[in-house]
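Structures given as C-alpha cells follow.
In what follows, subunit A forms one complex with subunit B and a second complex with subunit C.
Moving on to the complex of A and B:
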C-alpha cells in the first residue's frame, strides 16, 4: 500500500531524511517516533507529494508520488498536527465541503454521524469553525479523513490537542479503519498510544529510521527506554 | 457534477462571509453614489448656465442696438457679444473629463477671433490625471482597489493558515479548485460593477442607447483587465503581503505614475506655445496696422472678400470698413500659428492614444471621455465650430458695415445663430482590442504560473 525505497530528502547539506526503506501493508498501523526534526514530518510530506524526494521513491498503491501526485492523492487522507479549516463555515459545512471536493455526496445525516463518530459534540455541528478549540477542529479533521474512505491514512501527530478521552476514541477509530484494510502511517510523540494502537513502531533519529519494533512484543516502559537510548 | 453544486455553494458562502466583501461592496456603493452626485452637480451647473444664455443674448443685443440708434452698423457692431455653447452630452455626468478645465461657452465679438478663442486657460489641455471624483473615477481608480482587496489573498491566506494542505489532499483537481475560487471572486466583482453601473444609469438618467452600452463595454474590459492582473500576481504563489504590496504598487504605477510621466512626455514632446503666440501675433498684427498705410491691410481683406472692393476706404481718416478689415487681417497673420496649435492639440490626442495602448488605465479613461464627448478632441471640435460661427457672423455684418447702414435699419435678431456641434459617436475598437490583448496575454501567463507554482510539487517546506 505504502512503500518507501531508499527515500532521501536533503535541504542543502542537511539530510532531513536518509535512505528510508519502509513498507506498510493494508490494515497495518505504523507509528513513527522521534524527536522534533528527526524526519517524521518530512516522510509524511514526501508521501503526500508536498515535497519532492532528493533520491529514492515513495509509492502509494505502487504509484510513484513524485511522478503522479494527482493520482496518488486520490488514495490518501491526511490529518496534520494542527487542523486548519475554513473559519467562516460551520464544522458540518467544512466536512461537507471537503468530502464533496473528494467526490463524495454524503447526506446531512451521514455527515452528522461522521462528526459524532469523530467525537464532536452535537451542538457544535452548526457553529462557525472560527469559534472551535484546537481539539474540536482536530475532530472535524478526523471526520474529513474518515469520510474520504482512503486506502492510506497519513497522520502527523493527530492527537495533539485532544483530551485523553478523545485520544482514546481516536485510537478506536483507527483500529476500526484497519479492519477495512486501511494502511496508516502516524508520526507521534505519544509513546504510550503508539504502543497501544500501532502494529509496528519505528524510531527515527536525524533522518535515519534507527529501529523497527513489533508493538505487541514490547511494553510501554521498554519502548520508552529504547526511545531514550536511540535519540 | 452534483457534488460540485455543494462545493460551489459552500465556496460562495465562505467567500461572502469574509469581512472584506461586505466592507468593499458598501464602500464602493457609497463612493459610486458620491461620484454620481458630483458628476450630476458639475454638469447640472453647466446646464443651468447654458440655459440662461439665449435670454441673456437677446437682452444684450437689444441693449446694444438701443444705444446704437442713429449710429452706423460699423460703430454698433463693435459692442455685442455673441454666445456659443458646448452643451454636455447625457454621458458627461458619468465622465466629466475635461469639461471642468475647458470653457463650455465662449462669447465672441466681431473683432479678431484668435485672441478671443484662447482667452481661456490652455496651460494643460491634456489632463490625463483625473481630477474629479465622478463615476468614471470610481470605476477607473477605485474598482481596481476592490479587485485587489477581493483577490490578493485568495490562495495565499489558505496556504498561510494551513487549509491549503487539506484542500490539496482532498481534491485531485487542484487547478479546478483554484479556478472555482477565482471565478466566484470574478462573479462578485462583475456583479458589484453591474450594480454600481446600473445605479449610475438610473441616478444620472442615462438613455438606454449605444453610448451607454459602450460605457458598459469599456468598463467590463477594464474590470477584466485588472482581474487578470491580480490573477497573475496570485499565480506567483507568494505570500499575502507580497501580493498586496505588488498589486498596490502596480495600481500606483498604472493609475498615477504612468499617466503623470506620459503627461510630462506629451508636454515636452509637443509643446503648445502657439496659443500664446497666436494671441500675440493677432494683437501685434492688429495694433501695428493703426500706424500703417491702409492699403495693404485692405488688400489682405479683399483677397478673401473681393466684393467689398467697390466701397471707398479713405486713406487719411478712420472708417469702419477699414477697422474690421484690420481685425480680419490680424487673424490672417496669426492663422499659421493657429493652425499649428490645432494640429498640435490633435498630435497630443494621438500621442496619448498611443500611450493608452500600453496602459489600459489611460485607454479606459480616454474612452469614457470619448463616449461622454468630454475629451480634448471634443474641445477642439468646439473651438473650430466657434471659428466657423465667427466667420458667418462677420459675413452677416460686413454688408451693413461697408454700406454704412444705420443701426436701426439692420435686423440684429436675424444674425446667424450658433448651432452646437452635436454628439460624436466614439469608436472603441483600438482601446477595447488593446485592453483585451493585455488581458489575454496576462491570463495565459497566469495559467502557466498557476500550474508551475500550485499544481506541480513545490519544494517549499510546509507547502
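Moving on to the complex of A and C:
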C-alpha cells in the first residue's frame, strides 16, 4: 500500500511537489497524468527513496521511506521509461542477476516462466539484450519486477515508445498483477492507456495534484478535455 | 554488508568486462610492454652481472698475484669493489641506474661510489627506463581507469542504477562488489604474469631461488595485489561521485596525472629544496679540509702526532722511535687512518641523513598518493632503494678500513723501522684476506625500511572502505 501525507519537495524556491495527499490500496492502479515537470517523477522518486521530502511523509506499507529506505525497497519494484539493463547479458542472465540481488534464488525453469509470463518470446531468452527492441526490454523489466514479488509497483512512463500491441500487452500484465493485490502507481502521458488500465486517475500541474477521478466514470474524450483544461 | 550480494555483483562486473573487446585489446598492448620491459630488464641485469663477475675476477687476480711487497705499497695498490645487483633488480630498477656500481678502495682515501649507468649512457636512460615495476605502478592503474570509469556513472546515465538499488542489495554492497570485480579482473590479468616473471627471471639469473628472495616475491605479489585493489576503489569512488561516464573519465585521468606525475615530481623538488645536500665536490672538499685540520702525519712537528709519539715512547719505556719493538711509521699511518675514517663516516652519515630527510617527503606524501607508497615498498623489497645503496657504501668503507688496518698491522709487526722502505713481506699475507661480499638487508630490516609504505597502503585500503561507505549514504550520488 502506498500513502503520501502532505508530501512536498522544493528545490530552492521551486516547488517540484506541493502538498500531495494520496492513498493507493492493494489491487489498485493509480495513473498520474501531467506534463513534463508537473511533479510525476518527483513523486515516484520520493516513494523510491532517492530523494528526501522537504516536508510531509511517504509511506510504503506504513513504513516511512525517508527513514527506512532500505526496508521499504524490499516491498517495491520499479520500472523506468526505458529499461536499460546489461546489453552484454542475455534476457535470462539479466533477470537472473537482478532477481538474485533481490535475494531470490530462482531456477532456470522459474526464470524462463517469469519471462514468458511477461510476454517475451521464447527464442529471445538466450539472446543478448543489446539486440532487443524497446518493448522486449520493457518485458524483461516487468519480469524483474514480478520476480521480486513486490506488493508495490512504481512505473515511470512505462508505455512511452511502445507500439500499440506491446502497450496493450503491458496493460494486460498490469491488470493481472492487481488481481494478486499489487498496488501500482504509474506516471504516464498516455491518456488513452491511463483510462484503459487505471482504477483512478490524477492530473498534476506544477507540483499540485489538481483532480482525481474514477477511470470508470469518465470517457477518454472527457478525460482529454479535462486534462487540457487543467494543464 | 551482504557478502552474497557483493559476490554476485563482483561476478557480474567480471563477466561484463570480459564480454567487451576493448579491455582485451588494451591488455594485449600492456602485455607486450610488460614482456618487453621484463626481457630488457632481465637481459640488462644478466649482462651486467657477467661483466661485473669478470671484472671482479680480474681485480681479484691482480690482487692475489702481487709479488712480495712492502705492505704499505699493497695498501696503496688498491682494490676495486663492485656492487652486485639484487636478484629482483631486473623487475624494479629503482635507484640502481642512478647510483654508482663500483668503488675504488685504497689506503688514506674514502672514495665514494662511482660510475653509474646514468652517467655513461645515452639519452634513452635519461628519459627513464621502462621497468616491469613502472608498468605495474603507472600503466595498470590507467588500465583499471579505462575498464572501470563507467562502472557506476554509466549505470546512472542509463537508469540501471535505480533498478539495481530497488533490489535488496544496498548501495554499499554495489560499490564494494564493483570494486572487487574490477580488482579481480586486474588480479587475474596481471598477478600471474608478475609471479611467473619474477620466479622465472630470478631463476634464470641465479640458477636458484633463495628462501629470502622467495619471500620477497610473495611480499611483492601481496603488495601489488593490495595496490590494484586500492586503485579499483578510487576508480569506483570517482565513478560513483560522477553524474556521467565522461565526467568520471576526465576526473580519473586528472587524478592519475596528479598522483603519478605532479605529486612524485613535487615530492622530489620539495625534498631537495627543504633539505639541501652538498654536491660531490663540496662533500669531498669539506672532508679534506677537516682532515687537514686534525693533523698531518707527514709533518714531524704536528702537535697531534707529537703527542702520539710521546705516549708511545712512554708506553714502551724507550727514548726514541728507533728503539720501539713495533714499527712507529705503521702506527702513525693507522692513527691517520682512524682520524680520516672517523671524519669521513661522520660526514657520510650526515649526508645520508640529509638524503633520508629528502626521501621522507616522499614517504609522507605516500599517505596522499598511493603510487609513492607503492613505489617505496617495491624499491625496498626489490633491494634497489636508497637504504640498500647507502648500506653498500657503508660496508665498503668498513671493509676498506679493516683491510688497511690489517696491512698496517703487518707493517707494524713485520717491517723494521730502520730501512723501512727496502723491506718486503710475502704475498700470502694479503692473499689470506677475505674478499668483499655485500650483505643485503635481512627480511626484518627490509620490512623496517618499507614499514611506512606498508602502513600507508593499509591506511589507503581502510579509508577506501570508509569513503565508499560514506558515498553510499548520500542520496545525491544514487541518481
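Just so we're on the same page, the second predicted complex is superposed on the first by the 231 of 231 C-alpha atoms of A that agree within 3 Å, B and C clash if a C-alpha of one lies under 4 Å from a C-alpha of the other, contacts with A are read in each partner's own complex, and residues count from 1 in each chain.
The working rule: a residue touches a chain if its C-beta (ideal position, glycine included) is under 8 Å from a C-beta of that chain, and two chains touch if they have at least 3 such contacts.
Values in this document were obtained by computation on a predicted structure and should not be read as measured data.
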Q: After lining both complexes up on subunit A, report clash or fit for subunit B versus subunit C.
A: clash
Q) So, A:52: does it touch subunit B (first), subunit C (second), both, or neither? A) both
Q: Applying the touch criterion given at the start, work out whether A:71 contacts subunit B, subunit C, both or neither, answering first, second, both or neither.
A: first
Q) Should A:231 be classified as contacting the first partner (subunit B), the second (subunit C), both, or neither? A) neither
Q.
I'd like to know which partner A:11 touches here: subunit B for first, subunit C for second, both or neither.
A. first
Q) When the two structures are overlaid on chain A, which partner does A:98 contact: first (subunit B), second (subunit C), both, or neither? A) both
Q | Touching partner for A:215 - first (subunit B), second (subunit C), both, neither | A | neither
Q. What is the shared patch of subunit A, the residues that subunit B and subunit C both contact?
A. 45, 48-52, 70, 73-74, 76-78, 80, 82-86, 88-89, 97-103, 141, 144, 148
Q) What residues of subunit C sit close enough to touch subunit A in their complex? A) 5, 8-9, 12, 15-16, 19-20, 158-160, 162-170, 475, 478-479
Q.
Residue numbers of subunit A touching subunit C in their complex, please.
A. 45, 48-52, 70, 73-74, 76-86, 88-89, 97-103, 141, 144, 148
Q | Residue numbers on subunit B that touch subunit A, as the complex places them | A | 1-4, 6-7, 10-11, 13-14, 17-18, 161-163, 165-174, 177, 455, 457-461, 463
Q) Which residues of subunit A touch subunit B in the complex? A) 11, 45, 48-52, 66, 69-71, 73-74, 76-78, 80, 82-86, 88-89, 93, 96-105, 141, 144, 148
